[in-house]
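Let me give you the structure first, and then I'll get to my questions.
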Amino acid sequence: MAHKFINEIEPGELIDDVYMITEPILRSTTRGDLYMAMFLSDKTGRLDGRMWQATETVYKSLPKPGFVHIEGRSELYQNKLQIVVNNISVIDASKVAIEDFLARTDRDVGQMFDEVKRIVGRVKNPQLKALVGEFLADDELMGKFRDCPGAMKIHHDYLGGLLEHTHDMLQVAVAILPLYEQVQADLVLAGIFLHDIGKTEELSYDMAFSYTDSGQLLGHITQSLLMLNRKADALAAKGTKIDQTVLDALGHIILSHHGEYEFGSPKLPATPEAFMVYYIDDLDAKINQVIAAIDSEQSDSNWTGWKNALQTKLYRKRIE
Amino acid sequence: MAHKFINEIEPGELIDDVYMITEPILRSTTRGDLYMAMFLSDKTGRLDGRMWQATETVYKSLPKPGFVHIEGRSELYQNKLQIVVNNISVIDASKVAIEDFLARTDRDVGQMFDEVKRIVGRVKNPQLKALVGEFLADDELMGKFRDCPGAMKIHHDYLGGLLEHTHDMLQVAVAILPLYEQVQADLVLAGIFLHDIGKTEELSYDMAFSYTDSGQLLGHITQSLLMLNRKADALAAKGTKIDQTVLDALGHIILSHHGEYEFGSPKLPATPEAFMVYYIDDLDAKINQVIAAIDSEQSDSNWTGWKNALQTKLYRKRIE
Amino acid sequence: MAHKFINEIEPGELIDDVYMITEPILRSTTRGDLYMAMFLSDKTGRLDGRMWQATETVYKSLPKPGFVHIEGRSELYQNKLQIVVNNISVIDASKVAIEDFLARTDRDVGQMFDEVKRIVGRVKNPQLKALVGEFLADDELMGKFRDCPGAMKIHHDYLGGLLEHTHDMLQVAVAILPLYEQVQADLVLAGIFLHDIGKTEELSYDMAFSYTDSGQLLGHITQSLLMLNRKADALAAKGTKIDQTVLDALGHIILSHHGEYEFGSPKLPATPEAFMVYYIDDLDAKINQVIAAIDSEQSDSNWTGWKNALQTKLYRKRIE
Amino acid sequence: MAHKFINEIEPGELIDDVYMITEPILRSTTRGDLYMAMFLSDKTGRLDGRMWQATETVYKSLPKPGFVHIEGRSELYQNKLQIVVNNISVIDASKVAIEDFLARTDRDVGQMFDEVKRIVGRVKNPQLKALVGEFLADDELMGKFRDCPGAMKIHHDYLGGLLEHTHDMLQVAVAILPLYEQVQADLVLAGIFLHDIGKTEELSYDMAFSYTDSGQLLGHITQSLLMLNRKADALAAKGTKIDQTVLDALGHIILSHHGEYEFGSPKLPATPEAFMVYYIDDLDAKINQVIAAIDSEQSDSNWTGWKNALQTKLYRKRIE
Amino acid sequence: MAHKFINEIEPGELIDDVYMITEPILRSTTRGDLYMAMFLSDKTGRLDGRMWQATETVYKSLPKPGFVHIEGRSELYQNKLQIVVNNISVIDASKVAIEDFLARTDRDVGQMFDEVKRIVGRVKNPQLKALVGEFLADDELMGKFRDCPGAMKIHHDYLGGLLEHTHDMLQVAVAILPLYEQVQADLVLAGIFLHDIGKTEELSYDMAFSYTDSGQLLGHITQSLLMLNRKADALAAKGTKIDQTVLDALGHIILSHHGEYEFGSPKLPATPEAFMVYYIDDLDAKINQVIAAIDSEQSDSNWTGWKNALQTKLYRKRIE
Amino acid sequence: MAHKFINEIEPGELIDDVYMITEPILRSTTRGDLYMAMFLSDKTGRLDGRMWQATETVYKSLPKPGFVHIEGRSELYQNKLQIVVNNISVIDASKVAIEDFLARTDRDVGQMFDEVKRIVGRVKNPQLKALVGEFLADDELMGKFRDCPGAMKIHHDYLGGLLEHTHDMLQVAVAILPLYEQVQADLVLAGIFLHDIGKTEELSYDMAFSYTDSGQLLGHITQSLLMLNRKADALAAKGTKIDQTVLDALGHIILSHHGEYEFGSPKLPATPEAFMVYYIDDLDAKINQVIAAIDSEQSDSNWTGWKNALQTKLYRKRIE
């Protein structure tokens, strides 16, 4: 049975479905009865839930947060939709269609990953080729690379977003590298492939998008660099020594790709390749962000609401 | 006879050639004799010039600045090369090979201009097509467009630089527009073609690169917008009315293409097309600037000198 | 019958008056009945409105936003005043006393406009005189100039605010110009008259204050400059050529009058006249803003609330 | 005998006049002879001086810096004018026409001071009147107030500059206060009179303009406030108690009159009077600075050189 | 009887205790009856209060704000706790245990003050010793010094916080001064003792923490400096002249101890002693702020919520 | 024979000593003879050198830069001291007393290193103890740690500066940690020990202070983190697994110790320990920098010259 999405629920419907529960609280009414308040959500939105005649046993059994099966009814209360819960039971995360709860790219992940492999397969420099190959051969990591969101919010903030962003940046690079002959193509392609690879360690995205402790304390830029050096150490152990010069040039692209200190880059771009990766990253992220904001605007206005990260509203009217 | 370039002159050579003269000054020696100090330059550098036994008549005849034919001799004075002038005569600018004095793109101007026309010829929107056509039909303006430098300094700072920069941006746009389907291609192409067109009025580049008074007071962003509106008025007078919606969308690209207030844009990008033009402009300018700095570095160091505009040195060593 | 202002309505009153309606929504209650929620407002404030037993026909007939005649009753609901609507009917904007809905200067518009004409009538430079005259002769534009607010918010944010601000700046200029002899008075007077003229195109103020699409995309600084150039073109067509030097000096005042890049000026002041207009503009706007904040403070405190644009609270106590 | 100004000396003149000497150094030539290098200056400029056959006795007798009588000759050395000194003798500062060494306002100090007294004489609030009177009655301080420069550099950087700047600000205030009725005129006038009074303690201007130790460590804003409180204490000792409310309002004007933290104001303007003093101060200082830069430009160009404090060149061409 | 703290009240309790009342408002219900809304608070939090059947006489008798004795009952209304008031009577502030309403340091004030006296007793320089002694001898001021909070919020925001912060800074100074021999210890100790002494005049903390008018207009940095100069004047009147050099060095520490213009210091640190006081102040304030934020976090998360003043969340997990 | 320091050379001395040569250039005179210009330096300064009758053979034999034995004579040329070189011969770096060329701490390196070991020996947490031990056991690295300068310039810019700075920070930490009980002492001590350890890879200091390529591209913050992870990997290989929690907490201190993004920290401090290391680092660096500037001031003034990094002059007068 298809999941009933939160943003499809009308007042007065019977509810019999799985939702994510967050911040459940047990309270007593003026008369001394216990009741429970909670949020119920999926990837399309969130509603208040109320369970009258709750018990402490039920309350203690609930995950905070986690998945629950809900039986109940939707109703309007003070002009706001809420769900009155009659029965609640815990559901193991493994039994849940996670796509109902976390947004996911609507593009073909397999196809995008094949294209990424095809493009980085063009790298000719033997050491860069070995490094790229070492990452591609790490099945567990590549699994995360295909799943990971591109960011917590702002742009590519959905499962598969990291792959989609990396894929699109590689396509841009392939298109424009012939126009800039002096820029070392191998470095740009390897740099794009690895520039955000640390996001697989920075972000947690099993039930909701959040930062890992390591991610919050170190950040994906540093984590990407550590992963690069671990792969180089692994290659060295297998007899393929990567020159420090190569690690410096590639590491510098990773460190400087945010382009400014205030965005968390500890070094500013200092090579043509670092500049190119920085601009392609920013271009692809901003166009994704702008198009998404325009597409998701609910009103009929020619303008979206104010976008703080861009310090402007966005204009939606087309001349075509 | 080929011009003897300033940076090719060795001590002790006979000089018989045309140079640009700037800041000539008439002075008297301790003994009361008159002599003249001046700078002599071409596009490769500048030397001190000294003319002993100068007269007020000669001094008054000289352009300040302008071109002069010099007969004399190079010599070392306090370890610095200078030119001792025996004869000096004024040369009309029309007789001068201006390429010896102003750097010029080494790429084929005709070919680049044809390619620009070919690419903007792909614009299908009838009003944008009419606007682009009105600019292309203005032979005097197109002549300036082919000659004008891309900037006073920093990037594309040579004759033909504006055309080269516009050409390269158009090629980048053609390469990546298919990857971003929702971005309106016609607006991006017309926007790139016109984004810096006001530089033809902002800059003066007959003998040396400088700002015109209008350019310094208004700036090329505003001048580009004025030119756009004049062409639209001209079209309207001929019966082709350009909708305000089109002028707004195209004008906004021009106004916002520096991307930040502090770089002189009175508006921040608020459309996908404005973001794309801004990033392509910045990418092409920075890659040009970085490659030029790396190529022109005199030392053998792995690093260029400090580049203030980029807040870093640049790394010159290649891994290939 | 005098309009009953929103901020004068007490609980339990009968309502029979015209209000602006915004964001009407049709909803169904728990029992399945349709009802309608809406905002009802005039220039003094905004209340929630509820119409029980609404129909889709009525809902579809309503402007969004627009003016409506309301019959109903005010009541407290959860300690908040709302209007229960019994009858609602659409009113054409032409039948409405717009002063009830948009704040307007309480000063005499005719008198202020006469004073503006009198002061700019002192301009002696023939070309500036012709330019100023061309604007004054444009009745439609001068009508807008008398009506237009000075800004969306912050200062002079009421109908007639642009005129009031321009008028007061001109009076300041007349008072201090004799103290600064080297400042060219004609340029200052013409510059003040035209510095914000583009606001007549940037702002929309028929039912509520908002930006036009052109205003949001181009901004009043650029729009003022375009208007200046169109008037100069019109004069040229009539045989009165305005020198580029005059257009540059006047245009520069317009472009630079915000004084800093981050406030949307694409050029920084570079003439004594541009500095003077910038300071007079800032002085008059800030004093208006500060006095208005002090006058409108509701509490008895010596201090207003925090004013974010000024990064301080304001002190209201007088020593007199 | 009139002083021979530094900027009037031609090569080959006999020199017999008083100059300021700074940084004298005793050196030995290749042959072992002693000679002395020094700078010789007055308010119009500075030249290198050389005294061959110097002795340690002479060197030790010289002030560093101070005034000396020079006998010698001007000559060109490597195209640079220098003074060859034959005799040098120390001159007491009291014997020197200090106007030859420190620039001084060319306006009438007595007239300006009378006008200042006349304007602040209009203050009616009894406590402000008492405070202003206490300052005016301090003859020693008023003597310094008439002499003190307005700043070390940038604007009003000459003897009498503080008076001139205060005088002009008061005139502006008198001209515009009638236009802003709600602004308390007495506070503005007293605030202007005292806003920079601490400069008399911050600056040293006997031989050259410099900061005192107190001035560098505390600054004129804080010093002005201390002086205000000392005068209030003195009045209190004489039985005229100044309310804290008055001292707060007046002190706040002094503290906030630089308008921004980064310019050394520890508080931002929070009263209409503080805003008005801030804007009048900035207006008068900037117009003075801009006019001075335009007037002192040596070249024939339409533009001055780059003015770092204003982040622009200044345009000198007039339309009149 | 112990005070019943706001954060300990459960639904359905009888209330018979003293609370602070703020913002009482008299309103009429739909039926025309009068009722009163108010906030009731102590140092642990704030609840809504409602008194049905209120009268204008009662309303007018209430302090706004002030202390009241409340008889009534707690209840849940729309899932939010509120207090229904049956009786309300005004309580004089002198009868109130102020500790129930304003947070206070939990450390021993007497002990800390003794330690402060002991440490500043080590000052040997006779003039600094006299100045410090003059402050210590001012019993009224020292009483305020022991009571005053360290700041309105952010750090040491509780009664006794100024003493605690000063005490801890002095201990840090005593610990590290031996490691930096060239730093003048007497100046550092006296500077720390007095750096924030003006907070006793800047802050009001009788019922709630707020700024005094003088504090908001002048600020504690300037107020500290004024107090320093008044004590020096008092000493001078008693025959102990303090050199300007000493007042400059000590005053400079006070003025510059915020370290940056944007934090309200009108001077940047320019002596080793000023740098040391600035760093010790910032270190102690930040560690206090960070530890307090970690300790007061309610959730079980490894992280606190976002701290805007620090631009980060704080990590709470310990490795020990 | 003691080295003759550059700043001790008087005009007319015979020179027979070793100096560093940089930027030698071969040139021809007006007469066509070859001569050589060069810089000759040691740690006390730099002079121009001239060798007349140079040959291309000699020129080609010279290191650029490197050490040379010079025979010649000092003389004044245009009032500037230079060295006329008669004989020049290359000296191997191993034969040179490097202390003559690179400034070195004047404190006892062995004693400081012992003290560092003693203090970090107090670390009790087994994993931090293991990590610290792994670094201490790396003799080659510890050798560099003892030699490395603390920075290229600004503070601790001499051999042994890194050790001195680390040593002094550890002493400050030991002194103040008892005052802040909730701060985890082990993390602070280990964090200080390792916070700048990457400078041993970032800086090159064999003949002159410069950045390595890796240092310029990656930076010591990132390099320190890589070294930490390599040591952890090495420990893991030996069976001592370091928890990610420990690596995160320690790594975070390293990454955030510059305290602000603009100083190259990719993360802002988010733990009490990170704040403490940041403040101790900044305090020790600034006090070192300020004392050094005061001590090295050449003039008799109460003030040093302007210090751009501190945005102030420094006051040198003591009150003691």
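Letters A, B, C, D, E and F name the chains as they come in the text, with residue numbers starting at 1 for each one.
The definition used in the following text is that a contact is a pair of C-beta atoms (placed from the backbone, for glycine too) under 8 Å apart; a residue touches a chain by one contact, two chains touch by 3 or more.
All figures in this text were calculated on a predicted structure; none of them were measured in a lab.
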Exercise. Pick same or different for copies chain A and chain F, depending on whether their interface residues overlap by over half.
Key: same
Self-check item: From the options A-F, B-F or A-E, the pair that copies D-E, where over half of the contact pairs coincide
Solution: A-F
Exercise. Could you grab the centroid distance between chain A and chain B? Build each centroid from C-alpha atoms only and quote it in angstrom.
Key: 44
Quiz prompt | Distance from chain F to chain C - Cα centre to Cα centre, in angstrom | solution = 61
Quiz item: Which residues does chain D have that touch at least 2 chains other than itself?
Solution: 78, 213, 216-217, 245, 249, 252, 267, 270, 313, 315, 317
Quiz item: Okay, what are all the chain pairs that touch?
Solution: A-B, A-C, A-E, A-F, B-C, B-D, B-F, C-D, C-E, D-E, D-F, E-F
Exercise. Can you check the complex and tell me which residues of chain E touch chain F?
Key: 125, 127-128, 168, 171-172, 175-176, 179-180, 182-184, 186-187, 243, 245-246, 249, 252, 268-272, 275-276, 279-280, 282-283, 286-287, 290-291, 294, 310-315, 317-320
Quiz item: Within the complex, which stretch of chain E touches chain C?
Solution: 27-30, 32, 37, 78, 213, 216-217
Self-check item: Complex contacts: residues of chain E adjacent to chain A
Solution: 10-12, 75-76, 78-79, 302-303, 313, 315, 317
Quiz item: What residues of chain F sit close enough to touch chain A in their complex?
Solution: 213-214, 216-219, 221-222, 225-226, 229-230, 233, 244-245, 248-249, 251-252, 255, 261-267, 270
